[in-house]
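Just below sit the structures, each encoded as C-alpha cells.
Next come two complexes built around subunit A: one with subunit B, the other with subunit C.
Presenting the complex of A and B:
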C-alpha cells in the first residue's frame, strides 16, 4: 500500500513542480512590473512544442544534443517574452496607473493559441521521452516528472541568488517595494522590467521543453497550466519563490491524493478548496508578506 | 349612356380583376419556379476550433464529400446543396449562438451537427423552435425523440456501446470482477450506469469506478485506486488519443499492463493516434466497439466492402491530408447526410415533420458505408446495438484497414 502513496507523492510533486515553475515565472514579472502575464501558459506550451518540432524534423536527439537544446528553447521563449513584455508595457509609458496589461497579456495568449490552431490544427502533439522510465518503489516513473522537480529546484536557487546577491536582481526586487522610488534613485525601470520578462521566458521555455512528454501540447491546453500556476502563486504568496516552490507540489500531490482516495471528480475541486482556505486564513498566501500602505 | 357607362365599368372591373389574377398568378409562379431551382442550404454546426476540433474537422470533411457527390449527381430534387458553416468552438454557449444564426439569419433547411452531446443538447431548443431536420454525431442518452423530435444521430449511444463493452468482458473474457474508468464527458458518464447494469446481468461485480478530466497528464492515481479492487478486467472510456495513450503508459508504469481492457468506439478511432506515445504491444489486450462496416472476419469479402470503397474515394479526394484524417468519423458523417438526402427525396421537400417520420421508418433502406443504420419513433440513434460490434486490438487492422471482430470463429 505504501508504494502506491509513494508513487502518488513522486508524480504529484513532479506535476506540481511544473506548476511551481509557471508560478515562479509569474513572480519575476509581477515583482518587476506588477503585471500578471497570462500569456505564460502559451509560452510554456510553445517551449514544449519546440521539443516536438525538433524530434519531428531531426529525430530523437542524443542526450548531449537534448541537454544543449534546453537553453536554446529557453532563449527562444525568452526573446519572445521580452518582445511581448515590450508591447505590453508600451501603453504603460503614458501612465503606470492603468490595467491595460490585463487585456494585452490575455490578447497575446489568445493570439498564440489561434496561431497554434492554424499551424498545427486541433490535435494535441505528443512527444516521446528520450529517457527510459525510472524504477521507483517497484513501479516506474517517466523521467520528465523527476526532471521537472530538478528544474524547479534549479530555477529556485538561481532566482534566489540572482534576486538577493546581484545588483540587477536587487534592483528588480526594489521595484516590487516602490517603483517610483526606484525610478527616482536612477534605476532604468523599463530595462529591468524587460529583463524580468526575459527571465520568465527562460523559466517557462526550459520547463516546457523538459516536461514536453508529460504535458498536453495543444492550442487550447495553456489555460489549465496558467490556472494551476496561478493557484500555486496565490497559495504560496505572490512574489514568493519559496511559496511557489512549495505550493506547486502541494497542489499536485493534493489533487492526486484526492483522486486516489475520493475519485477523479474531486481532482480540480481540491486545489480550489486549498486556494479558498488559504485566502480565508492567510490572504497574502503561505509565504506572502503584507505591507502597510498610507491611505 | 348611363347604361353604356355601367356596362363599360363592369367590363373594366372584370378586365382589372382578370389582370390582377393573372398578375398575381405570374407573381406567384415566378418565385415558385425560382424557388424550385434555389439551392438547399445545409448548415454545418460543428467545432472548427477548440478541444473537439478533431471531430469537427473530420465531420465537416464527411459532409462536404457527401455534398460533392450529391451535387455532381444533380442535387436533391433538382436543387443543389449549399453548405453554410458555423463554428461552435467546442462550447455549448457558442453552439447556441451559431445555431440561432444558421436557423434565423442564414435560414438553413437542414443541419449537420453538433458533434458532442453537451452542444447538441444545448442547441435542441433553438432547432425545435425553428423546426430544422438535423443529423448530429452525439451519444448521450438524454438525446430522446421527445427532446429533439427532428434530431437524429449517427453516433452510437452510451448504452449501446456500454452493452457491447460489458458483454465483451463477461461473455468473451469471462471476467467476474471489473473496474470502470471514464473521462468526465457527458457521454461516458451517462454510460456508466448501463455498463454496471449489463455487467451485473452478466454475473460480474464492479470493483471500482473512477474518472479523469479530458487531456489530463496523469491517470496513475485513478488506476492505482482501481487496481486496489483487484479486477480481472477494465472498462475504459477515453475519447481522445492523448488520454488513451497516457492511460496505457500509466498502466505499464504501475506494472498492470496485463489487465485486459474494453473500450468504446472512440478507442477504435483514436488507437492510431495513441500509438504515437504508447508502445504498440500495449494494445494487444485492448478491445473496442466498432461499426460493423469497419470490421471483418477472416474469409469475408473485404475488397468490396462499402467502407473500403469509401476510404478509397476519401483518399482520392484528400490525397495530401488523408493520413491525418479519421475515416471512421468522416464515414458516419457522410452516412448521416446520405440519410437526410434520401429522406428529402422521398418526402419531396425539407419539411422536418415528414423527414422525421420517413427516417424513423425507412433509414435502414439507405445504403451506408459504416454499417446498416436504423431508427424508430422511440430512438433516434441510427447506430443502434445491432450496428455495433466488439473488435480486438484496434491497431491490428487488415490490408484494407478493417478491424477484426471479437466474435470471429
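Presenting the complex of A and C:
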C-alpha cells in the first residue's frame, strides 16, 4: 500500500519538476516583457521530439552522445524561441494595443501543433530511455523522472545566480520592477527581452529532451503542459523561481494522485480546481512576494 | 449630420445655440457596419436555400451560429473587459443539453432550448465566480482549463452523455422548408444572427453598456459613480452566456449530432480569434473573423482537413502582425486617420446654471466631519489623526507637499480605503465603514489625479455617464441649455482629440452632472493655462453660489486656492498643521516656511 504512494510521490515529483521547469521558463519571459508565452508548451514538446528524431535517424545514442545532445536541443529551441520572441514583440513597438501577444503566442502554438500533426500524424511518439530503471524504495522508477528533478534543480541554481549576481540578470530583474525606468536608465530593453526568450528556450529545450521518455509527445499534448506549468507558476507566485521549484512538484503529485485514484480524465479537472482555489484564496501565490500587485 | 466631422468654427457656432437635436444612437461607422452585416446574413441565408444547396445551407447556418457565439464572447471581452478562453464550454453545454433532452429523452425542441440556455447560464455563473477575484489572462487560463476539462467530463459521465458515441438528434421537421424555401432552422438562425449583430452595435450605447465599459476601464471611477464593478462583470457573463447558449442550442439540429470531440479547446479559440482577427468592438468584425478562420478554410480545404489548423493559426498570426486592430478595425482606423484632425473648442461655463436663477442662500451645517482619522500603509503613516470639518456650501482647499496625505485623505473620505481609526461623517451620517459606491450614492462625487476619460467611450458618453449616475436626490440645477451645448460640442468629437487639460475639466463636469452635492476634486486645475484657470475659478464659485455645492479640492496652485477657497487646510506628513480662512493660514508661522519651500521646489 505505502509502495503505491511512494511511487506516486516519486513519479509525481519527477513530472512536477517538468512543470516547475516550464513555470521557470514562463517566469523569465514574464519578468522581462510581461508576456506569458503560450507557445512554451509546444516548444517543450519540440525538445522532446528532437530526442525522438535523433533515435529515429541514428539509433539509440551512447551516454556521451546523449549528454552532448542536451545542449544541442536546448540551443535549437532557444533559437526558435528567440525568433518567436522577436516576432511577438514586433507589433508591440508600433501598435498601441499592447495585448497582441496573447493572440500571437497562441497562434504560434497552434502553428507548431499543426505542423507536428502534418509531419507525424495524430498519434503520440514513444522515446525509449537509454538508462535502465532505477530502484527506489524497492521499485523500479524510469530514470528520466529522477533526471527531471535534477534538471529542475540545475536550472533553478543557474537562474538564481544569473538573475541576482550578473549585471545582465540584474538588468532583466529591473525590467520587472519598472520597464520605463529601465529604459530611461539606458538598458537595451528589446535585447534583454530577446535574451530572456532565448534563456526560456534553453530551459524548455533541455527539459523536453531529458524528459522525452516520460511525457506525451503529440501534436495536441502541449496545452496540458502549458496549463500545469501555469498552475505551478500561480501557486508559486509570478516571478518567483523558488515558488515554481516547490509548486511544480506539488502540482505533479496532485496530478499523479488524480490519475491513480480517479482516472486519467479527471487529471485536468484536479489541476483546474487547484488553480481556481489558489486564485480565489491567495491570488499572489503561496510564495509570491508581490502582495500588493493587482491581478 | 452630427456624426460628420465639422470644422471647429461650426462647433463654436453650435456651442452658442444648442441645436436641440438628439445625437444619433449609433455613429456612422456602426450604422454602416450594421446595415452591411444584416445584408450579408440575409443574402447568405437566402441564396443557398433558393438554390436548394444543402451543403451550403448547413455550412452557412453553422457559420452564423459561430458568429453569434463570437459576438457574445466579444461583448464580454470588449464591453466588460473579461477574457474568456473557454467560451466553447458555454456553447457546448447548451448544445449537449439539447442533445440529452431531445436526443436521449425524446423531449421537444422548445423544451431542449430551455434546458440548453439554462446549461449555458450555469457554466456562465461558474466562469463569473473566479472573475470576481481574478482578471485578465489569469481569468483567461481558468476559463481555458475549463474548456479543456469540458470534453473530458463528457467522457467521464458517459452514462449521462453517451460518452464517446455522442448523441444523434434527428429533428427533420426543423430542416424542412416552410417559408420561401427557408427551413425553420434557417429562419431561427438568421433572426438570432441579426439580433446578435444589432446587439453588438447598440449595446455599447445603452446605459448598461456605458456602465460596463466604465467598470472595465476603471473600477475606481465606476465606484465613484455608484457602479458596482463586480455586479457589472456578473451581468456581462450572464448576457454572454445567454446569447452563446441560444447559439449553442441551434448547433445540434444544424449538425444533427453532438459528440465530445466537437467541443474541444479549438472551438473556444475559434470564438476568441474570430473577435480579435475581425476587430474588437466592430459589429462587422466577427463576420469577417468567422469567414476568414472558419468558412474559407472549410470550403477551400474540404479535402485537406489536416491543413486547417495551420491555415487558421497562420492567418491569426499574420493579421496580428499586420493589422493589430483586426481586419475591420484596421479599415475603420485607416478611414479615421484620413479624417481631418479635430480641435476642441474651449468650454464655456457661463451658462452652467440658468442666468435667471438667483444665488442660493448658503446652506447650514457641516458637510463633512473627519475625526481622529488615521491610515497607515505598512509602516508608512499616510494620515495621522486628522480632524477636519468642512461646512456646507464651502470651497475648501487642501494643500501640502507631495506625499503629505492629501489624496489619501480623499480616498478615506469617499471610501476607497478604509481608515484604521477615527470616524468620517458626510452630511451628518457616519460613512466610516461604507464602501466607495455607497458613499457615492450619498451625493459625494470625485475626480482623480489622472483624469478618467475613457477612450472606450465616445466623447459625449464620457460626460453622459455622469448624467446616468444620479448620486443625490437633489433636483438638477444644471441648465438644459448648458447640457445641450455640451452635447453639441462633444457629439462630433473623437475622444482621443480631447486635450489633456480639457479632460480634467470634462471629468469635473461629469461629476457636476451627477447632482452630487459634495465634490472632491484632486488637482483639477493641473495642466490648465492661466486663462483657463481664471475661468475655472469662476466655475468653482458658481458651483458654490448658484448650485450650493460643497467643494473640497486638492491643489498645488496656491494663487488659485487663495482666489477661490473659503477655507484652507494644510497637511504635512499626514498631519494637519493649519486650518482656517485663507488669510490666517497664509500668515501662520508654521505654514510660511513650508510655502516658501513649496514655491521654489
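In the analysis below, the second predicted complex is superposed on the first by the 278 of 295 C-alpha atoms of A that agree within 3 Å, B and C clash if a C-alpha of one lies under 4 Å from a C-alpha of the other, contacts with A are read in each partner's own complex, and residues count from 1 in each chain.
We take it that a residue touches a chain if its C-beta (ideal position, glycine included) is under 8 Å from a C-beta of that chain, and two chains touch if they have at least 3 such contacts.
Note that this is a predicted model, so its numbers are computed, not measured.
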Overlay on subunit A: subunit C relative to subunit B, clash or fit: clash
Partner chain(s) touched by A:216 [first = subunit B, second = subunit C, both, neither]: first
Partner chain in contact with A:256 - subunit B first, subunit C second, else both or neither: first
Touching partner for A:111 - first (subunit B), second (subunit C), both, neither: second
Which of subunit B and subunit C A:227 touches, first, second, both or neither: second
Contacts of A:123 with subunit B and subunit C, given as first, second, both or neither: first
First, second, both or neither for A:268, with subunit B first and subunit C second: both
Partner chain in contact with A:142 - subunit B first, subunit C second, else both or neither: first
Colliding stretch - subunit B into subunit C, listed as 98-106, 152-160 or 314-322: 98-106
Where subunit A meets both subunit C and subunit B, residue numbers: 117, 263, 265, 268
Contacting residues of subunit C [partner subunit A, same complex]: 83, 129-130, 133-138, 140-142, 144-146, 148-149, 152-153, 155-156, 265, 269, 272-273, 276-277, 306-307, 309-310, 312-314, 316-317, 320-321, 324-325
Of subunit A, residues touching subunit C in the complex: 36, 87, 90-91, 94-95, 97, 100, 102-104, 106-111, 113-115, 117-118, 223-224, 227, 230, 234, 263, 265-266, 268-269, 271-272, 275-276, 279-280, 283, 294-295
Of all residues in subunit B, those that touch subunit A in their complex: 47, 49-54, 56-57, 90, 184, 209-213, 215-218, 220-222, 224-225, 228, 240-242, 245, 249, 252-255, 273, 276-277, 324
Touching residues on subunit A, where the partner in the complex is subunit B: 4, 7-8, 11, 15, 117, 121-124, 126-128, 133, 138-142, 213-216, 218-221, 256-257, 259-261, 263-265, 267-268
